[in-house]
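This report refers to the structure that appears directly beneath it.
Lettered A, B, C and D in written order, each chain numbered from 1.
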Amino acid sequence: MKNVRRPVEVEAVVEENFKIKTFLFKDKLCFKARPGQFLMVWIVGVDEIPLSISRIGDLCSVTVAKVGEATEAMHRLKVGDRFYIRGPYGNGFREGGGYVAIVAGGIGLAALLPLVERLNASNCKIDVFIGFRSKSDAFWVDKLTGFINGKLTISTDDGSLGVKGLISEVFRGYVKNFKPRYDMIYTCGPPAMIRQVFQDCKKMNYKVQASLEAYMRCGIGICGSCCLGPYRVCSDGPVFSNNQLTKMSELGIYKRGPDGLKIPI
Amino acid sequence: MINRKYNGFLDVEILNLKFPNPLILAAGILGLTAPLLKRVVYSGAGGVVTKSIGLKSREGYPNPTIVDLGYGLVNSMGLPNPGLKMFIEELEELKGLKVPLILSIYAFSEEELMTMGKIISKLKAVSAVELNVSCPHVGGISEIGKSPELVKSYVKTLKDNLSNKPIIVKLTPNVSDITSIAMAAVNGGADALTAINTVKSMVIDIETGKPLLAGVFGGLSGPAIKPIALRCVYEITETLDVPVFGCGGVETARDVIEFIMAGAVAVQIGSAIARRGLRVFREISIELKRFLELKGFKSLEEVRGLAHRR
Amino acid sequence: MINRKYNGFLDVEILNLKFPNPLILAAGILGLTAPLLKRVVYSGAGGVVTKSIGLKSREGYPNPTIVDLGYGLVNSMGLPNPGLKMFIEELEELKGLKVPLILSIYAFSEEELMTMGKIISKLKAVSAVELNVSCPHVGGISEIGKSPELVKSYVKTLKDNLSNKPIIVKLTPNVSDITSIAMAAVNGGADALTAINTVKSMVIDIETGKPLLAGVFGGLSGPAIKPIALRCVYEITETLDVPVFGCGGVETARDVIEFIMAGAVAVQIGSAIARRGLRVFREISIELKRFLELKGFKSLEEVRGLAHRR
Amino acid sequence: MKNVRRPVEVEAVVEENFKIKTFLFKDKLCFKARPGQFLMVWIVGVDEIPLSISRIGDLCSVTVAKVGEATEAMHRLKVGDRFYIRGPYGNGFREGGGYVAIVAGGIGLAALLPLVERLNASNCKIDVFIGFRSKSDAFWVDKLTGFINGKLTISTDDGSLGVKGLISEVFRGYVKNFKPRYDMIYTCGPPAMIRQVFQDCKKMNYKVQASLEAYMRCGIGICGSCCLGPYRVCSDGPVFSNNQLTKMSELGIYKRGPDGLKIPI
């Protein structure tokens, strides 16, 4: 039963950059996961947090940015250590054919990588737009180069790698200029970025699938902690499409804390 | 006490409130924001109870806060909520809801309750108030629900400070005699009761030897507690003539029928949403209608309390 | 309080009684005749508790007396038993049993208990007595177990009339505060406790609208009550330093470990026999040994109470 | 789940004789039952009692002798009425090939008929010995004649049909005289009869399968009401073979009432 917490052993740790690590493990249920699904990861004595499955296969992985107590505790894990998972949860991305764009911000890439692999395998043409804060924050650029056959555009806030500027703006500039006929835009990253990308896509009549984040407790759609508009990110999402995104007026404006209070973004 | 219009088959009138069907969202399940509550109504719920709201905001317990045992859930959310003042924003958005909106509240003291009662009196959107004195994993709350004196006193305080809104008291099964608590609630001025809140429980992680839930204790819900909840509803309605909302493990129309036969006026649904999704309301409604038609019942009222007849 | 010999890995000494493993047959399960009890021992049980025996014989309730909900059973047997005097025949046959034989008894009055204590004092076959004050479906019995005063008084009466045999008191979870009842039992002279008996429940047959069990109320057992039983064991052992037999929903070695971690000295097994058969004792023993070895524990004693450490 | 009580509708009622009726009904689980298995039959408001499945097929049946409250209530059931069943319970008979004897007393035939059908279908040679109190108690004699290819011996206590005498004695006489090489003796009937038959069979070195009765409550092997020797009739039986029968010293001597008290037979 996917809801039962099960221990997994760290088979390998990859240091992606100064604050991001990937933890590889074996798990039968994750093996069958869809790209975009996530796990509830319990670090005993610390916290249980949602993390996207960043690799699906004989070895699966989560890729973790160190931002607070739980992610720091994860970063201390070594090969042979154990942590608990339950899931996979959520809907995951719907895969289509044709010409698609991936628009990712920072760690948002974790949710998108398995998707890129699949789309590539099914011979989609894929353009990737990926933004980092700075050169030192960048990761997986080589991986992406290997996977895609379309355009790879990188931006950093400070210009230390690729174009200078927010990736949402770079993306907007590109689609306005070249009007590519994307069949789908897949996006994941900071909510403000997603809000911007979605608004621009609406104008261009693009179909969008955005993977969103929210504070999570149950992961199974009953506690209400993760609500965004009329949806539960854990079980109605985390991937949402145009109609649903339209109904999330707060997206990128505020999120909710563990107490349900609105926190401006 | 209860009026039934036969046209809709499933609609019930309780406390002068019209519920289009007897399937009500239970407290603490999704009830934290207006848009989500609206969606639950849109999904077919006959009424909704909000998350339990206190005077001040609470973060609740850290994760993990839930365990799925297959036949039930154990949760120790710890009553996370934004506090009454901030929640008013959501309630404002809920004005004009097509079904009764029941505001669940808790308080650590009668002073808090007094203040809350006065504020809630002015809230148009709120059809009724459900007083939660029964959360088994938050110290200071479950203790109220175990003492007839405290229950009576708290309910009376709320009654005295709440104008024009019926009071429902949500009872805990973690007591020696639920009827005496029910009676205390009614004597304090409760207009209706909800039975039951979760059963105090515990789960141990055998890998670490530690309690699995960060809050140590949790509340058991879902199918596992249905026979306990049914017994509680039956015991209360055997003695008291007060509307009782049945709650605990409702997953199918058969479960609903059991509760109504045990004497409940309607049911509340929580954990089943994890397994069956939000469509559980619409699906059970259809199953319920089918059952009533098949058996030749003209209303739920005809079914209610059947188990008490000998 | 507990001595462990490491050679056997699973053997425990409780109340100066040596149990070859911590898996004990629960009261009321098969324990009505000597040949069947012997077979249970032969099947690998570390100890056995008999059916609850009263001073006089009882037929119990008419059928139906049991409901299988899949995740638990609800029974209302109504304490059928041949009465102490006739049961002595069976006990005589059980002399020389290789594991401790615990005689479960109940009484409707202290006078009855007095008489029973005197008779039982002379029975060589009986290693210990378990006083059942917790059967939820027999009026007059569950009431005792809900009152600290009555529990203390009944236990004291038994203690005063029973020579040389330890007393175990079996507690009901159907109370507001199981620790206070546990304390009353200990104050009355209980040497150990069993937690828990079944949870008061009800099942309604929706075809007829009537309570399904002839006895109306029944007791819930099996997996459904495991989290409740664990909580009870934990609560009691958090406060009291008395051996507690964990009981409720044990089906696997993992369940046993949970109970021992919660503070139990051993467990009692009932409903699992319906699903896993009598081989449940031997199978769990093997699983248990494997678990201890895998985790590097040298005895169950090392595991006991782990959940209380922070 | 076989343990859940399920309503069945009476499709037909056959009056076998002045005190025995057969009730036919449809049930998927009974369709797959083994001969010798039984049901717990609940007559609402009256009692729940064990009854053997007396026919296995698209239509299944129980065959009920009126002896008390519950069986009288059953006898009042008409076509279209409903009763509840759970089960099938118990082990049932093991079917073997070769040359077998059936020794039945009265209503004990109910448990044996589906077995006779099966054995007949698998071309066993079958001798049947069946005892009734009197001619008016006889039933299914025609049915049996149709099914078997061996000897059919009937006895009545008063000689009003067939041989006069107890069927166990008739059986004993026959085997002593003719020493037939039975591969298996299947028996069901009053416990005193079974005791006798078993003892005689032991002397002859016959293998025996006897279907026994005891007071039942749970039917699933936990309440202990149905114990006989070290066995539970409901779940270790109701069919027992030589080794087990040897350990039931009380068989045919006493049985246990609902209170566990010994009742002399």
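Methods note: a contact is a pair of C-beta atoms (placed from the backbone, for glycine too) under 8 Å apart; a residue touches a chain by one contact, two chains touch by 3 or more.
In this text the structure is predicted, and so the values were computed from the model without any measurement.
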Farthest chain (mean CA position) relative to chain C: A
Whole-Å gap between the CA centroids of chain C and chain D: 36
Interchain centroid distance [CA atoms averaged], chain B/chain C, Å: 34
For chain A paired with chain D, centre-to-centre distance based on mean C-alpha positions, whole Å: 67
Chain C, residues touching no fewer than two other chains: 70, 210
Multi-chain contact sites of chain D, meaning residues that touch two or more partners: none
Chain contact topology (line, ring, star, complete or other): line
Interchain contacts, given as pairs of chains that touch: A-B, B-C, C-D
Contacting residues of chain B [partner chain A, same complex]: 28-33, 35-36, 38-39, 51, 57-60, 62-68, 70, 73, 75, 77, 80-83, 86-87, 205, 207-208, 210, 212, 270-271, 273-274, 277
Footprint of chain B on chain C - complex, ascending: 69-72, 74, 146, 174-177, 199-204, 206, 209-211, 217-218, 220, 223-225, 227-228, 230-231, 234, 254, 257-258, 261-262, 291, 303, 306-307, 309
Touching residues on chain A, where the partner in the complex is chain B: 1, 3-5, 7, 40, 42, 44-45, 47-49, 82, 217-225, 227, 229-232, 235, 247, 256-262
